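This report refers to the structure that appears directly beneath it.
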């Protein structure tokens, strides 16, 4: 089975497993107070050129999202998110479980705009009955979004400006950050992310690590007691060095960015080929997630050899699905998929 | 100042204050274990013809809403509501503060349909990734809605049927229940409400009482530990008889329904007159809340003598406002308002 | 039935009911934005000589306790309380329901000491693993305590000093504040309370009002968004003036203190008499709640005419019970009780 | 540095790292829906001889504790635990953060008794004011306890019986389960644990795995929606097979029990030697955690070569510390420690 259904169906990069093996007999301090977390933190702080940032390592995306939000907000405050935001649709209400409302903004491609945020925050700021409504105190965006789209540097800056204008925190979910930064049309750097966001994370689970997300907090108010929130929310791994080590290995020489770049290149190949074959993109994604509207019959033929993710039914004969590449996707797999789709479409075309 | 801005700006019905005065020297058991609560409960159970229902008295609407929802749902379950539902917009995130997501359905007039509910519940029922999404386990509707509209008996039944189909609870917010049942076009009875809902409440605060909401629970699973939830959520008044007494007095001979009916009649007078003067209704409400699109200049002239509630700006010269009648609204006040609007419009008409 | 079982079994002071009747036709602004709340707030601020304090009116003790704690603490912070504190034993876990741990200190008479608090706070301050333990950020004491005991001015000052030393808030539950201040041996003034506490409340429910607690916040950080917490927690009465009016009436000329003083005087009579008859006090209370160890047979004889509250079984023939006086207790009732106990004990003595 | 401070300072068993390496190129289904989790679950169900149990893999102890408790309890229900229980002292209030009170029972050695539980549950059962107090609905015990002590089969059965009598769940924290079952004096089997508990877990983090806890749920009510609770609480690892694989490898042929048995054997050697040298045990632990009261000067001498964990100061010259062995402790390390302590004590004895 060749898996294109998601980007978390394989273990970790070989360099990580080698490193894990090498140090397996050594012992380290617990709960993230070890030299690997220290070194990984230094690398990250260098990358964003901010020595005073806080860096913390958590185990997964949902956990990271609600722990950050719980640490930042008071009970009467909520977080603005795209309707399609992961926290709003696929985390079993984890944010609400922590007591916070998600204030949704409509989105057609996973992104929201500074204008939308300004509208929501302004409405609260001007309200005469503030005590009756939830205070928008944080903005959550994902980079890239759940639909594979990205924000331009200008869009990010505008969002950041609105946040600062209203004293709101900007939180960037970077579960797939590597793939976003690797997009051909991306004009945003990791340093920009560090500058615009109050808190963001560098996703490891989907981008070379076995598991783990590196949370970077540039807002000292949020950082101050963050470790207490981590522990309270079950997000402080006893053997924290397992996380530090992975991020150190991935980031120390840019491996993280190279493997993401390759995955995005493969995704583009698939997109170009599919589009050429008359399979339209459902969303103009420039990253490793590609959404297509495909003949349902074609998908049926593909499913014995490939996995892909069902998104929704378009009509009786078409379905929207996601094909994901990842750091572990191989060039042959991409070629094979493209060829198979081509072959499967050929006869059908000749038939009709 | 003549207040039409809301329906909770006056104390309680004179019969209540008389009764309170009469028994003020007597002593009663605490926390709702008294004869007044007992008697009021009996009256209510008779009204809905359901002797096994649980009846509990709480102090206000927001408190009632979140206490009921907290009592009914488990952490991974959410409540379906109109986007415009009170719990979603004007309760400072009280439901989320209890850990539950509000799953919103679009609404143009405050109502949602059985189809919308069926769509949401069906989507969850058919999902392969249920553990990643919030389980819709309750439907919250208000009767009448925040916009003064009401559901027909058929609509209620359809909603109730969908709820039962999917094992969801139906919760009817009756903060203004009296006004809803008194609507000229209402074909729903209190007994219907008790039959279709798993839990609902008869609003007192806005309908003759000084304060208080009578929660009626026909679903024994929700009723079982409800008093624990009341206490935990600060919703169990030490002198519970103050609540029981009010509801007994209001309901024992139908006073509640008569005073609501009168308020709705006054609202209709205002509506008919305003519409006749060329002031359009923003929403076709048949209850005590009337929303109009009025010339902003006219509102300016009215505001020294009358209060009304700002809803939103329509354009540079028009504003949407709410005029509310209530059980304490007097016929003269209504007549005066209508006359003043008429007079104020006359010269303007002749001027233009 | 003559009720000594608690201090909340009668309505409100006659002056309040008169006032309520007088203004019943008038209309007021909602949610505590009315002239009565304003006036009551001014009186209270004068009483504590602190014009910048925030004053808010809530409906009951449990509600007040958790709303204040929710407003003051972050999720990883807890509140220190006597094991016997009301929040720890009789509020159905309301504080934990808001997400906060109660850090208990042992207590034999309802009080805790500055030393105990210093020990707990110091332990945290010196800990190397702060992120693994709950941060003590607030101290909750009741004045008088659940056992009727009070703190001296010196004790309060010491507790306040420890709180300030460690940056903790001091929260004084004054559900029975009037009775505490009226104790013969009390050397604390309301102004002292306002000076030592960051937040406290003046209990109305048990002390002359129909219902209501006046929360006074001298710490601006807690006060800032307090109204949002009130609304979110169902603690903002729509007709807030019902609360403001009661406190204004009770406090404007010292009525509150006079009626409390009388109740305490009656309690002392009962105590003196009972002790003289050989009935020992279980706790040396100087306020309106008196705990006695009584022959169970005597209690059996009393219970047809009087109510009292069971505390616990002492041995086969003795029971600890609470006798409560209140602002509505009448001198005759006290005399009658004392006489009856005397008579009931006489024959028994002669019998034995 | 030779680490005896805890049992989580080394990676994972070599067989696990080999297995991880072997399958690193393979891909698997996400979120625990893979063959490794399946196989590990089967092995565990065989071990407890209960094919209908639910088995779930989480990443750490704190996370497991609060997720299980959140899944089992309703808001007004609490969990009984020893005062010294991990959930009560070292998890930053995670259980309270989920809204539940921990009802503490005194404990001198980490254990609580069926009598204590019976007392607490009985008190609630007999209470007339149940709605004012937290309902004890679960009992949490750790096996072995935080002090290394264990329960006998009889004690466990008695506790289980009380739980069933009152309809309470029994939850056994098995973070160090392997070490408990390996204790020389242990008469409890894994199957017993599965029979007595409604839910328990087999700790991996401290017992051979890199990380992970295997939760076993024999109570179908708790199991039913457990995956929703896992996801909501950030406890569902995207690459769940990393956990399944580890438990399969550890349990398929008893490796888990063998390595735990060795660690306990080493701990006994240390205990025997230390005791023989006049160093008393602070607690009579029969598992891998040993608590000693040691001369502070001796500890000072040891600390350059060994790590141990500070527990508390006993007097000016003595300190209570923990020495932990683990699956990765080597015989030479134990021998070296014993020799060093012996040598360090010798001269001191001759000196004095």
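As written, the chains take the letters A, B, C and D, and residue 1 is the first residue of each chain.
Everything below uses one rule, namely that a contact is a pair of C-beta atoms (placed from the backbone, for glycine too) under 8 Å apart; a residue touches a chain by one contact, two chains touch by 3 or more.
Given the structure is predicted, the values throughout are model-derived calculations rather than measurements.
Each step here moves to a touching chain, and the least such steps from subunit B to subunit C number 1. Most remote chain with respect to subunit C, judged by CA-atom centres, is A. If you average the CA atoms of subunit A and of subunit B, the two centres end up 42 Å from each other. Distance between subunit B and subunit D, defined via averaged C-alpha coordinates, is recorded as 51 Å.
Shown for subunit B are the residues in touch with two or more other chains, namely 75-76, 91-93, 97-99, 131-132, 228, 231-232, 236. Residue ranges on subunit D touching subunit C, taken from their complex, read 75-76, 78, 89-93, 96-102, 104, 129, 131-134.
Looking at the complex, you find that subunit B touches subunit C at residues 1, 3, 6, 8-12, 14, 17, 20-21, 23-30, 59-64, 66-67, 91-94, 97, 205-206, 210-211, 228, 231-239, 242, 328. Listing the residues of subunit A that touch subunit C in their complex gives 31, 70, 74-76, 98-99, 130-132, 135, 225, 227-232, 236.
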